[in-house]
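Dropping the structures in below, format is structure tokens.
Heads up, the next two complexes both have subunit A, just with different partners, subunit B and then subunit C.
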Partner chain A sequence: MPGYLIKKLGRLLLVLIGVSLIAFGMTHWIQGNPAELVLAQTGVDPTQEEIERMEHQLGLDRSLPEQYLTWIEKVLQGDFGTSYITGVPVKEELAYRVPATLKLTIGAFLVTLGLAVPLGIWSAVQKDKLPDVLTRGAASMGLAVPGFIWGLLLCYWFSVRLGLLPMTGEQTFARLVLPVLTLSLPLTSRYICVIRGCILEQLEEGYVFLLRSKGLRERTILWGNVLKNAAVPVVSLLGLSLGSLLGGSVVVESLFSWPGLGSYLITSINNRDYPVITAYVLLMAVAFVLINGLADLLLCLLDPRIRLGGGRQT
Partner chain B sequence: MRWNWKMALGLGMIGALALLGILAPLLSHADPAATDLMLRLKPPGTVGLLGTDHLGRDMLARVLYGTRCSMGVSFLILGVSVLTGTLLGLLSGYFGGMADGAISSVMEVLLAFPGLILSLTVVGILGPGLWHTVWAICLTSWIGYARLVRGMTLTLREKEFVKAAVLGGCSHWAILGRHILPNLLGNVAIYAAANVGSITAQLASLSFLGLGAQPPTPEWGAMLNEAKGFLSVAPWMAIFPGVALVWMACGFHLFGDGLAGLLRQDPQGSSDGKECGKGGAFTGGRTL
Partner chain C sequence: MEPLLVVEHFSVQYQRMDRPAVDDVSLSLNPGQVLGVVGESGCGKTTLIKGILGFFPHCVAGVAGSVRLEGKELLGLPDKERRNLLGTSMDVIAQDSGTSLNPMKRIGKQFSQILGEKLGLSYQSSMIYARELLARVNCPKELLNRFPFQLSGGQRQRVLIALAFALRPKLLLADEPTSALDVTVQGQVLRELELLRRDCKSAILLISHNLGAVSRIADQVAVMYQGQVVEYGETHQVMDTPSHPYTKGLIACVPSLSLPKSQRLYNIPQGGKEWEGGCRFASRCPERIPDCQRQAPQLRPGKKGGLVACHCCG
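What follows is the complex of A and B.
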């Protein structure tokens, strides 16, 4: 167990370093000289001298490894530079928008679990009967069609046609319903499929046969044994699905003008506000890696095969 | 090879759409980019078959020509990803060592960026535009192929026929090309069939965010982005590109599902409904 954990942690650290290198690289891909971009905010054409002074101030005249080290030192202290547009530290701009995105993501996550777990179990139990066929068909549609199409449909019906739910205005509960639904729909579809598949796979295992032959009721087998074993792959999906939630949140926030990190990213891309873009991608990747690490840990506690065997079989 | 209904239906749907895209100049004489402010927001049936958009452009022409952009670019991304991913996967799985270490760590780092976010930020840094979007999606979509091919190459490398080829004096390239690659193609095809839907979704999503195809290029995602502001006055502006996108997505999904079911069924008899879960996990990595 400790050996497995140390190996995992080491890889996690390496990935984080790689992520930081990519984010650092992005600051260097930017077309145009960052020093000129910063000076351009003043609205006056900078002289060559001013550019050189700013380059020195930003550390652009030093070697790349040196620049990386000073950059990472700042980032570790939470300093992502200042926004080119507002001049406010990027940290503050992002922190201001985190709660809105968290509300949306956590809401979508809860809705997904609330819908997918019962539907997945029901679909597996009713295999090949009408409820299963319908659920599976709906889930296939949900998987195939890009999420923003569902968003537009929901928008059209509930907001434009029926006027039930607002599209703009305060961050109220009613305003949260449509974005949360849009974000959770594709994910719910995937969960239904995976949960159903896992349960069906478990039902064919030898221990189920044994329990059945001992005369246990189907219901007892399902709730007492099968679901516990079927949970293992689902938990490993939980961490990964965070990725679709974070990626999807950009599209959904921008569709519903929800004032979170995602719509801020799009605004920043359109404004060429590079420090914000870099900080955002770094933040998201780090959050994603850490949460997946946590999911691995949870899995390790859930499944003795992993901590003893040292590897996950997928 | 036996056909199943899912595959046939999916292929039919995609084929029909591709045909519409190819025949676009015959089906609509209007220029998809020509604006006419006198004919703004006309409902379907009044001006042209599908009406006009907020700049008076013919919707039928735009949806038809949009097929070329949406579908053609998806296939381009698919081709680049399949080639790069397969090549890197083969090298990494067959030679191992430093090459494998380097390629695997690059993949691991790229996979640390959730969902669309890496593509989004790359477009953000390069600036919006269709070609930037293409490269941004390629940057992440080859990984699936490389992982799949690497894993299979690792197993195939130990097989007896490969050892026999080594003893027979085949060069590394001959072994890779003649003995290992042909054994991988089936699974790469399944993955590609499942993946192309996700590529179209990513492309449409980026365009929908205003980062992909720039106006006046007729692309469905970009058209939906424009239609967003006119949902209450001109819903047809959203309906037609939306239907086209759903049609294409479902076609690819059905085809991929059918192909996966078919190739998976072959070795071990029936696998009935279970492909839903497996198919989901297959496309799982980077859908929205």
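What follows is the complex of A and C.
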């Protein structure tokens, strides 16, 4: 078990370093000369002299590795620089926006699990019967229509027509409902299909035949065997899907003017506010690594073949 | 004596197959006896076993005939009643026994789950019983703490036999229990099946294409060809003085160690054309007469005792 986890964690660490290099490169090559930008911001005439003074002040005249190290040291302390537009430290803005996005994505994740797990199991157990057909039909709809369209439809019905849920204002629970639903709908649909498929696949396995031939109840077979085995592929997919959840939050936050990281990113991209974009990229990379590390840990606990290094040949 | 198992005119038809996979098969098996069923792969042996158990996948289009266990009709039996019979009255060792154990559960847990539900044993007493069962099939009790992938093929097969021992079934259907094992282990596994028969007075329907294995422990033998029984009789008589040309061919095919190396192995010729009626074996039969392709031979008493379905050797 430790061997497997260490290998996985090592790989994730490499991902982090790679992303940090890209982010560093972005601050250095894409955004133009930061010294000029800062000068322009402070209203000083960008003469050659002034630029060189500023470059020295910002450490831009040192070697690249040196610059990377000072930069990463700051980043590790949570210092992502100051926004070019507002002049506010990015850190302060993040402290406000990260919790908002977390609320949204964790909420959507929980809703996805809460809906997809029971519906997927039910659908598999009732294969080809009415509940299965209905659930699968609904899931196909959820998949076929893009998330933001669901968002618009939900807005229209629940806020505009029925006036049940607010679209603006405080970050209350009621305010959270529509964006969370919008964000989780496509993922829920996908996971219903995934979970159903994984269970049906397990039901074809030899050990299910053995348990049936011993006359065990279907209940024991499902709850005592099949679900745990079917969870393995689902968990490994979940790690990847959380990424798409974070990506989807960008659209949903803009749609519902939810003050999270996603809408912050959109305005920053429009304004070429590079420190913010860099911070976003780094945060997403960290989130990705954490989530996948967690998923791997969970897989390790779940599946003895991974934990004990056994093959899949059984 | 009333036979334990009576199979009469039993047919199973899969969808999109031009002939039934099991075609008008009649067999009977007395308590404590061993009936060997031999025949090349694809002749319907596994389908026969699943049919006796009442496991018909969705691709089965039709079932006909009668299967009775202790006088009780099994075809069309409600699931709940069948569950009560499974395991205790009849049990099976499936063909691909390598996958018959849950890959994510310790062997001990798998024992306790089955013993708990079928015999109502507590975890502690099921472990005591399981250790005893494993000892009977010459397996160390440490296996209880292992996962299936940590066992050898022979050990897995013995665990399955121990699981079959556990419920003392009156009838054990063993589908090629030795095919996946190397020769030395094959012998041991057969000995353990013998033991089961002696200890539990179980009758065994032993399916195999290993004629050696069958002639060693079977009391009667049925030879199947393309879904039909073509010869059926006492083991010594079918093996020593076979009547049907297919049986003769099967026996001649067994490589013998005492044979000189220069002698070529016997080969049953492959049939050229599709079956169009008459005897199924006719196109491959060395003793064919014109009648064979016109009319299907019925299974009837042969000259040497037993039953044979052949026009020219009956």
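Going forward, the second predicted complex is superposed on the first by the 304 of 314 C-alpha atoms of A that agree within 3 Å, B and C clash if a C-alpha of one lies under 4 Å from a C-alpha of the other, contacts with A are read in each partner's own complex, and residues count from 1 in each chain.
Just so it is clear, contacts are C-beta pairs under 8 Å (C-beta built on N, C-alpha and C of every residue); 3 or more make two chains touch, one makes a residue touch a chain.
Everything numeric in this text was worked out from a predicted model, so none of it was measured.
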Exercise. Check subunit A with both subunit B and subunit C modelled on it and let me know: fit or clash.
Key: fit
Practice problem: Please indicate which partner A:148 is in contact with in the superposed arrangement: first for subunit B, second for subunit C, both, or neither. | Solution: first
Practice problem: Answer with first, second, both or neither: which of subunit B and subunit C does A:211 touch in the superposed model? | Solution: second
Quiz prompt | Partner chain in contact with A:228 - subunit B first, subunit C second, else both or neither | solution = second
Quiz item: Of the two partner chains, subunit B (first) and subunit C (second), which one does A:305 touch, if any: first, second, both, or neither?
Solution: second
Exercise. Using the superposition on chain A described above, determine whether A:54 touches subunit B (first), subunit C (second), both, or neither.
Key: neither
Quiz item: If you stack the two complexes on chain A, which partner ends up touching A:270: first (subunit B), second (subunit C), both, or neither?
Solution: first
Exercise. Have a look at where A:176 lands relative to subunit B and subunit C in the superposition and call it first, second, both or neither.
Key: neither
Exercise. May I ask for the angle at the C-alpha centre of subunit A between those of subunit B and subunit C, rounded to a multiple of 10 degrees?
Key: 80
Self-check item: Least Cα gap, in Å, left between subunit B and subunit C after the two complexes are fitted on chain A
Solution: 9
Quiz item: Do any residues of subunit A touch both subunit B and subunit C, and if so, which are they?
Solution: none
Self-check item: Residue ranges of subunit B touching subunit A (in the complex, touch as defined)
Solution: 105-106, 108-110, 112-118, 120-128, 197, 200-201, 204-205, 208-211, 224, 227-228, 231-232, 235, 238, 242, 245-246, 249-250, 252-254, 257, 272-274, 276-281, 283-288
Exercise. Report the residues of subunit C in contact with subunit A in the complex, numbered from low to high.
Key: 53, 55, 82-88, 91-92, 94, 96-106, 113-114, 117-118, 147-150, 160, 163, 167
Self-check item: subunit A residues touching subunit B - in the complex, by the definition given at the top
Solution: 11, 14-16, 18-19, 21-22, 26, 29-31, 127-128, 132, 136, 139-141, 143-149, 152-153, 155-156, 160, 186, 189-190, 193-198, 200-201, 237, 240, 242-248, 250-251, 254-255, 265-266, 268-270, 272, 274, 277-278, 280-281, 284-285, 288-289
Quiz item: How about subunit A: which of its residues touch subunit C in the complex?
Solution: 205-207, 209-217, 220, 224-225, 228-229, 232, 302-305, 308, 310-314
